[in-house]
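Look for subunit A in each of the two complexes below; its partner is subunit B in the first and subunit C in the second.
Entry: the complex of A and B
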């Protein structure tokens, strides 16, 4: 089955999830409603709900808690994006104007808080205290990770472990939680729940590394935002981290960071990072995470579900945009 | 342990819970409203069946602090350097506090309380949108009505859920009065942090006259004071012990608390 085929098998579930999200976010305030609906309609890969649904197939995917978990995690993700755009001062996301650009920062803050509160309320439909402990801990760690990201902006002396911990919290945790919660709410065994958590964690790491590579090699049209945005914002991702080990490149990057943003030769610095071997290095780390994810799948029951997860992992870990 | 000691203890635990060394380097310490801590504490005491009151008070207060922190986000101006970093960290610290309230309640395994608080947060944000982005013609009374709700929404909703409805008007009055007092200071320019003022922004965004607003704030404060003198304080003896304590605290300064009592010198009720 192809990725499109996997999405087709989940079409009904995804449609239902979209509908639930749209109904949940209805309010009597036009702007708030519009901001929430715009976010919903901006779409995205819906990778978290897909992973919840697919992981649930190791147990009872029709358990009512499964879709509640899927809706919760997608709403948490959406809420975090609205606030991230304020943090990054971003006017575009997936090629569309952000909430803060369409309205202002205040609307973005309220919209994010509103959606986040909805996500948690929806989760209360799941009566498993352990599931709440997992979700709340993940949210706390994600927010701590975001703070760490700011801490390490423009820090050219950071280590690989800083980067890995950052992307774990920023991206991998929620993806790992998607798989874990899908299995948990579907009543899977502890062993399967644990293995799916690690599967999600490894593909989450791979997903973010690819994202960081694409920020250098993708086009503005593919990315829906200007290429090289990470570097320009002082966010040192894996390709740059590697490139910083080369004195000439390091000097150029540091000089860009130290100079006024408008005057800096960002294009030159981006080119140097691309030519440094940093992209290839990041790809090799990505391959390792992908291999770990695929390895975990070998220890799960071999069926169509495992096969679909394998395809999802490869799709995410090798995507071009 | 005396109530005030327990409350001060919770106050310090909240400070400890939200403590983050990196945030401390760039942001002012988040304010913990001791009046709200006390109100929440007494509400749970009054209800009587919550064992870990401390944890519940902490979670609701931290949720409130998360929302209050996001009030500090400046609008669209392009910031650079330290100011940009502070804005970024303000967004993220608010998110961090918001995550903590859920974390604390999840540890208590109280899913019902998580539901109540998250519903109240949704309503509060809708209310804020109505306040700042009024969809129809809005007058000063409209803004006052919303401001009264915004100031104590989480606590009022919690009181309603706990079935302690006879406290809600008193609580809403007090925190509204406190907010009006603060707003008057903003408008009098006796405070510099005007970006956290609600009414200051309304004056900037609408054609409502500032003097008119100040005049109406004074009137509203007097109305509340008169209402308390006439209706609430005379009945204090017949109210529950905890509500009586709360009213006493609201109307008198308690030296155990480090806050500057906003009511000091403004309301002088004789028992």
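Entry: the complex of A and C
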């Protein structure tokens, strides 16, 4: 089955999930309503719900808790993006103006709070105390990831482990949780739940590394925002981290960071990072996570579900935009 | 027993609750750590934990869930204050600089997110699904209250019911929940839980009405922020709402709102509201809520606990700062 085919099999589920989200976020408050509608329409790949649904197929995917988990996770993701755009001072996401850009930081703050609140409330419909613990821990970790990102902005002396911990918290944990909760709410065995958690964790790491590579090699049209945004904002991702080990490149990046204004030769620094071997280095780390993800799948029952997860992993880990 | 006496009987519990909060919020992130420590040190009356503990005395106050509820509610309150200061653009709270004033809106946003996340995570330690639903619904309502407050800023055509719904969401619900959860986690009967909820709701309404009165009649020293702050920020509270029914006063307030700058005669408008009878009107509404709260207590078992709650209600509903 192709990726399009997998999405087709989940079309009805995804539609239902979208509908639930729309109903939940309905409000007669004009600004809030518009912000929520814009966010829902902006869409995205809905990777978290897809992973919840696919993972659930190792058990009973029709259990009512499965979709509740899917809705909860997508809402948490959505809320965290809105707050993240405040932290990153980002005006564009997926080619659309962000909430903070359309309105302001205050609106973005309360819109995020409102969506977060709904996600937590929706989750209370799931009658598995352990699942609640997992979700609340994930929310805490995401908030820590956001904070860590700010903390390490412009820090050219950080280590690989700082980067990895950051993307784990920022991205990988919620994707891991999607697989884990899909299996858990569908009543899968402890062993399958645990393996799917790791599968999700590895593809989540891969997903963010690819994202960070694309920020350098993608076009503005593909990215929906200017290329090199991460570097310009002082967000040191894997390609830059590698490039900083080369004295000449390091000097140019530091000089940009220190001037930190429009006059800095950002394009020059971005080119240097791209030519430093940093992209290839990041790709090699990505390959390692992807291999780990595929490896885990080998230990699961071999059926159509495993096959679909394999396709999703390769699709996410090799995507070009 | 005096109020000081009641606080003394709860001293050990409060100390333990403070300690748990401090441990929970411990982090090696300097800014976040400092912001959290400042918030903890700023203290406040800890009314929510006190109400949880007192309400729990109708059942088994030593049940481990009781203190977990107390910590959760105080953390939710703390997080909401941090975000509220962003929304209100407030630089001072209880005479101390706010998080957003000490650092900036971004730090306030993520500090609030971090504390919220911890509150939810701590709550998962309570094994009562119904309690989780109550807490998540409260978080949603608080976020709606925050949004409603922005929506009705400078709106001179709002009704009493708008004001009452706003303070219900902003303040009363969390205080009602404190009493409710205290009783619920202590294993009280449904009837006692329900009555304590209403008791909390009525004193919560009273609490906020008094707060809104004090904003006019308190001194800067008592308030820890300039008097008349609400009006200057376009926040139409009960005294102003009454005053707006008097054409002359209405005109002066509207003219301040329309000029909305430093030159506006805010002091004049504040004086007019104070002389309009708005304070007395707000006091009469407060008395009604206070009477309802005291009335509910009559239907509860008459013992030292009821007596203490009566003292607390009177103390909060008649406080001068």
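We adopt the following convention: the second predicted complex is superposed on the first by the 320 of 321 C-alpha atoms of A that agree within 3 Å, B and C clash if a C-alpha of one lies under 4 Å from a C-alpha of the other, contacts with A are read in each partner's own complex, and residues count from 1 in each chain.
In the analysis below, contacts are C-beta pairs under 8 Å (C-beta built on N, C-alpha and C of every residue); 3 or more make two chains touch, one makes a residue touch a chain.
Since we're looking at a predicted model, the values are computed, not measured.
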Clash or fit (per the criteria above) of subunit B with subunit C on subunit A: clash
Larger contact residue set on subunit A - subunit B or subunit C: B
Which of subunit B and subunit C A:86 touches, first, second, both or neither: both
Touching partner for A:106 - first (subunit B), second (subunit C), both, neither: both
Touching partner for A:26 - first (subunit B), second (subunit C), both, neither: neither
Residues of subunit A at both interfaces, subunit B in one complex, subunit C in the other: 27, 29, 31-32, 83, 86-87, 105-106, 109-110, 113-114, 116-118, 120-121, 123-124, 127, 129, 132-133, 136-137, 139-140, 142-144, 146-147, 150-151
Subunit A to subunit B touching residues, read off their complex: 27-32, 80, 83, 86-87, 89, 100, 104-107, 109-114, 116-118, 120-121, 123-124, 127, 129, 132-133, 135-137, 139-140, 142-144, 146-147, 150-151, 153, 261
Contact set on subunit C toward subunit A in their complex: 27, 29, 31-32, 83, 86-87, 105-106, 109-110, 113-114, 116-118, 120-121, 123-124, 127, 129, 132-133, 136-137, 139-140, 142-144, 146-148, 150-151
Of all residues in subunit B, those that touch subunit A in their complex: 20, 22-23, 66-67, 70, 73-76, 78-80, 84-85, 87-89, 91-96, 98-100, 102-103, 105-107, 109, 111-112, 114-115, 118-119, 121-122, 125-126, 128-130, 132-133, 135
